[in-house]
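Below are two complexes that have chain A in common, paired first with chain B and then with chain C.
Right, the complex of A and B next:
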C-alpha cells in the first residue's frame, strides 16, 4: 500500500467519498460535492464553448473584417432578449432559424438511418435464408417481433380474437426487450461503481494496480 | 418462510453494503473468469486487424468522465490495437467534457508504442455542433478543423496532407454514453457511406443492436463486457508480438460484475418470493 502523492488524486478521492455518503442519507458533504460539480461544469462548458465556438467562428472572423458574421452574432444575441419582457418576442427568430435548419438537416438523414434502413433490415430477404439456420431463425424472430409489437400499439380497433393474441405475443417481446435493457442498465451502474473503487483502491490507496 | 420474508424486506443500505463487497472482493482477489468473445466485438477487431498499414481511422471521443469505467478501456484498447497495427489515428471530441480524456489516452498509448505526433496520430479536439461537424468531415476535414487541438495548422502535419475527408478514412468509431453513434450513422454512414462502429455504455447497447443487424455499424462494443472482450483480444496480440501486457481493467471489472449480477439475481428471486408469500397470506 502506497498512498498517492498527487494532491489532485486526494481531491478526487475525497470528493468521491463525499458523494458516496449519500448512500447512507442526504447530508452537507454530499451537497457540497454536488454543488461544486455543477459550478465547475458550468464554468468549464462556458470556457470551452467560448474558445471552440464563439471565438473561432465569430470573433476571429469579425476581427478580420468579415462583416457577414454579424448576422449569426445578432441572431445569437437575440436569445438573450428573453430577459427583457418588451423584446422577448425576438427570441422566436433565432429559434425559428434553428428549427428550420435543424429539421432540414436531420429529417432526411434520420428517415434514411432510422426508418428506411430499419425496415429493410426487418424484411425477410433471400439472404436471411442463405447464411445459416441460426440467421434464418433470428430473421424470423425479428420479423414476428416487429409485427406483433406494432399490433400491440394499434389502437384503432379493439384487441379481440386474432388481434388480441397477436398483441399478447407483442407484449412478450416488449417484456423481453425491457428485461434486456434492465440487465444492461444494472451492468452499466455496477461498472461505474467498479470504476470508482478501482480509482480509490488503485490511484489513491495503491492497494491494487492504478487505473 | 420467515427468513424469506425478512430477506425480502431488507433495508436498502444492507443491499448497498453487499453489492459493495461483491465488487470489492473480486477486485482484491481476481477470479480470472475467461472472456467469451462475441461477434460484434470480433467484427471491430478483425476490421482493424486486417487494415493495411498506413490506413487511417477516426476515433471520436463522444463520452465524458461519467461513463469512464465502461468506455475509456474500450478507447485505450482500440487505440493500442490501431497503433500496434501501424494504422494512423485521428482523434476528435464531440463531447466537450471528453476533450481531456482524449488527450490523456493519446499521450499514454503513443508513448507505449513510440508513435510520433503528426505522423502516426493527430488529435483535433472539440468542435461544437455535431451534425455540422460530421457533415463537414465528409467534405474537407481541413476546413472543419483548420488547426488541431494544440493550435498547429492541419496543413503542416505530415499525416494530414493525404487525409481530407471520409474517402481517406477506413473507419469511424464513436465512443459514447449517449445517442451520438446514431448521429454518425445518420450523417456519416447514410450520407457518405462511411463505415461506422461504436463503443457504447451498457445502457445504450440495447438501443444500438438494430444498427448492427442492418449493417449500419460494422461492429459494436457494449459496456464493460465489450471493453473486456476487446482488452482480451488486444492483450493476446500484444503478448504474441512480445509486448508487455497492460493492466486489464475491464477484464478485472467483469469479475466483480459477475459476482454482483449473481447477487442481484438472488435479490430479485427473494423479493418475488416474499411478494408472493405476502399475497398468499393476505388471501
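Right, the complex of A and C next:
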C-alpha cells in the first residue's frame, strides 16, 4: 500500500467519496462537493466561452477591422437587456434569430442524415442477398422494423385493425432495441465506476497498480 | 529499390501523375481538391508530399506529407478568389519524382449544393403537404389525433403537485436552443406553466445552457402573463446552473431531494445524466414524466419514470396540448409524410430487388 503523495490526488479522492455519500442520503458532505462542482464548473465554462467563443469569433475579427462581426456582437449583447426591465423586450430579437437560423440550418441536414440516408440504407437491394443468409435476414429485419415502427408513430389514426398489428410489432421492435441499448449503456456506466474505483484504490491508496 | 527506380525512370522519361486541382464542389469556399495517379511501374513509395504556391514559379510550400500512396487531398482554409498552384512529389528509394504543376485554380463558394436537390424537393413536398392540412384545419375540418398516455398524464401530474403543495421540477434537457428536442420541450413548458398558473403551484426550471435559460425564463414569464397571473411569476424559479453535465446532474439531484418536488418533468435532449436524474427522482417518490429523442437514454427513462414520450411523441406534444387546429394540422402533415416515406421505402426496395438502381440513387 503506497498512499499518494500528490495533494491533488487526495483532493480528488475525498471529493469522489463526498459525492458517493449521496448513495446513503443527502448530507453536508455531498452538498459541499455539489456546490463546489457547480461553482467551479460555472466559472470554468465562463472562461471557455470567452476563449473559445467570444474572443476568436468576435473580438479577433473586429480587431482585424471586419465590421460585419458587429452584427453578432450586437445580437449577443441584446441578451443582457434582460437585466433592464425597460429594454428587456429586446431579448426576443436574438432569440428569434437563433431559433429561425437554427431551424433553417438543421432542416436540410436533418432531412439528409435522418431521412434520406436512413431510407437509402433500409431499402432492400440485390446486394442484400449477396454476402450471406445472415445479411439477408438482417436486411429484412431492418426493413420490417423501420416500416412497423413508422406505423407506431402515426398519430392521426387510431391503432385499430391492421394498424394495431403493425404498431404492436413496431413497439416490440422498439423495446428490443431499447433493451439492447440499455444493456450496452449499463456496461459503459459500470466501466466508469470501475475507472473511479481504480483511481481510489490505485492512484490514491496504492492497493492495486495505478494506471 | 534504387535500381528499380532508375529502370522506371529510363522507361518513362516523364512519369504521368495526371494531377488535377479543382475548386471543391458544393461547398462554402476556401477549399481546393487535388486528385492524381501514382505513376505506372512505381511499386513502392517512401513519402508523398503535396506542395502549394501562389505563383507557378514558386516558392512552393509543403502542406502535407503522406507515407502511403494516396491519390486525393482536399486543401482547406484557403482564400477565395486567389490563384493557387500545386505539385506532388514522390520519394522512392532515395529518388524523387515531381509531378507537373497544376493550376491556377481558384476557390469559390457555391450558392447551391447540387447533391441536395432531392432534399430540396423533399422539403418542398413536405411544405405543400403541411400547407394543405393547415388550410383544411382553417376551413374547420375536424382533425382526429389518437391519445398519448404520457401527455394525458401531464395535467394529472400537475394536479398531484398542487394537492400535495409541493413544487414541480421542469428540466428542459441539456442541449442547446437549436436542438429540435429543446424547442419541443420549451413549447411544452409554456403549456405546463399556464396550467401551473391556473393551479397556483410552484415551478422550478434549472438550465444547463445560458441561451436556453434566457428563453425558458421568457416563456415562463409570458405563460404566467397570458394565464392572467403575472404576479405568480418568480424570477428565481428559472435559473442557470452550470454548463458542466455532471455538475448540472448533481445540482438537480440535490434540488429534487431538498425541495421535495412532487412532479418531475424531464423533457428535451439528455445524455449520460438521464439515469442519475430519473433514479434520484424515483427514489423521492415523485411522479415522473420524461420525453426525449435520444435513443440511448430512452431505456433509462422507460425504466425509471412513470410515463415516457418516445421520440416523435415529444415533438407532437405541443400540438396535442395546445389543441390549436393549425398545430394539430402539422401533425397530420407529418403523418402524411411518414406514409409517403414508407411508400418510397417499399417502392425503392421493389425496384432495387429487380436491379433498378436509379431510384435508390435519388436519396
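The criterion applied here is as follows: the second predicted complex is superposed on the first by the 195 of 211 C-alpha atoms of A that agree within 3 Å, B and C clash if a C-alpha of one lies under 4 Å from a C-alpha of the other, contacts with A are read in each partner's own complex, and residues count from 1 in each chain.
By definition in this document, contacts are C-beta pairs under 8 Å (C-beta built on N, C-alpha and C of every residue); 3 or more make two chains touch, one makes a residue touch a chain.
Just so you know, these numbers come straight off a predicted model, no measurement behind them.
Q: Look at where chain B and chain C land on chain A after superposing the complexes, then choose clash or fit.
A: clash
Q: Based on the superposed arrangement, let me know which partner A:67 touches: chain B (first), chain C (second), both, or neither?
A: Neither partner.
Q: Comparing chain C with chain B, which touches more residues belonging to chain A?
A: Comparing chain B with chain C, the partner touching more chain A residues is C.
Q: Is A:59 contacted by the first partner chain B, the second partner chain C, both or neither?
A: In the superposition, A:59 contacts neither chain B nor chain C.
Q: Using the touch definition from the top, say if A:45 reaches chain B (first), chain C (second), both or neither.
A: After superposing on A, A:45 lies in contact with both chain B and chain C.
Q: Contacts for A:24 in the overlay, against chain B (first) and chain C (second): which applies, first, second, both or neither?
A: The answer is first: A:24 touches chain B but not chain C.
Q: For A:14 in the superposed arrangement: first (chain B), second (chain C), both or neither?
A: In the superposition, A:14 contacts neither chain B nor chain C.
Q: Contact-wise, after the overlay, does A:142 reach chain B, chain C, both or neither (first, second, both, neither)?
A: A:142 sits against chain B, while chain C stays out of touch.
Q: According to the stated criteria, A:117 is in contact with first (chain B), second (chain C), both, or neither; which is it?
A: Both: A:117 reaches chain B and chain C.
Q: Considering only the touch criterion stated at the top, classify A:105 as touching first (chain B), second (chain C), both, or neither.
A: both
Q: So in the superposed three-chain picture, is A:191 touching just chain B, just chain C, both, or none of them (first/second/both/neither)?
A: Only chain B is touched by A:191; chain C is not.
Q: By the touch definition above, which chain A residues appear in both interfaces, chain B in one complex and chain C in the other?
A: 41, 44-45, 48, 102, 105-106, 110, 112, 117, 120, 177, 181, 185
Q: Once bound in the complex, which stretches of chain A touch chain C?
A: 19, 22, 25-26, 30-31, 33-34, 37-42, 44-45, 48, 79, 82, 91-92, 95, 98-99, 101-103, 105-108, 110-112, 115-117, 119-120, 122-126, 143, 146-147, 150-151, 153-159, 174, 177-179, 181-182, 185, 189
Q: Per the contact definition, I'd like the list of chain A residues that touch chain B in the complex.
A: It comes out as residues 23-24, 41, 44-45, 48-49, 52-53, 102, 105-106, 109-110, 112-114, 117-118, 120-121, 142, 177, 180-181, 184-188, 190-198, 201, 207-209, 211.
Q: What part of chain C is in contact with chain A in the complex they form?
A: Within the complex, chain C touches chain A at residues 116, 118-120, 122-123, 143-146, 148, 177-178, 180, 183, 210-211, 214-215, 217-218, 240-244, 246-248, 250-251, 253-254, 257-258, 272, 275, 295-296, 298-300, 302-303, 310-313, 316, 331-332, 334-335, 338-339, 341-342, 344-346, 348-349, 352-353, 355, 357, 360, 363.
Q: So in the complex, the part of chain B that touches chain A is made up of which residues?
A: Where chain B meets chain A, its residues are 13, 16, 19-20, 23-24, 27-28, 66-70, 96-97, 99, 125-129, 131-132, 135, 182, 185-187, 189-191, 201-203, 205-206, 210, 213-216, 222-225, 247, 249, 252-253, 256-257, 260-261, 264.
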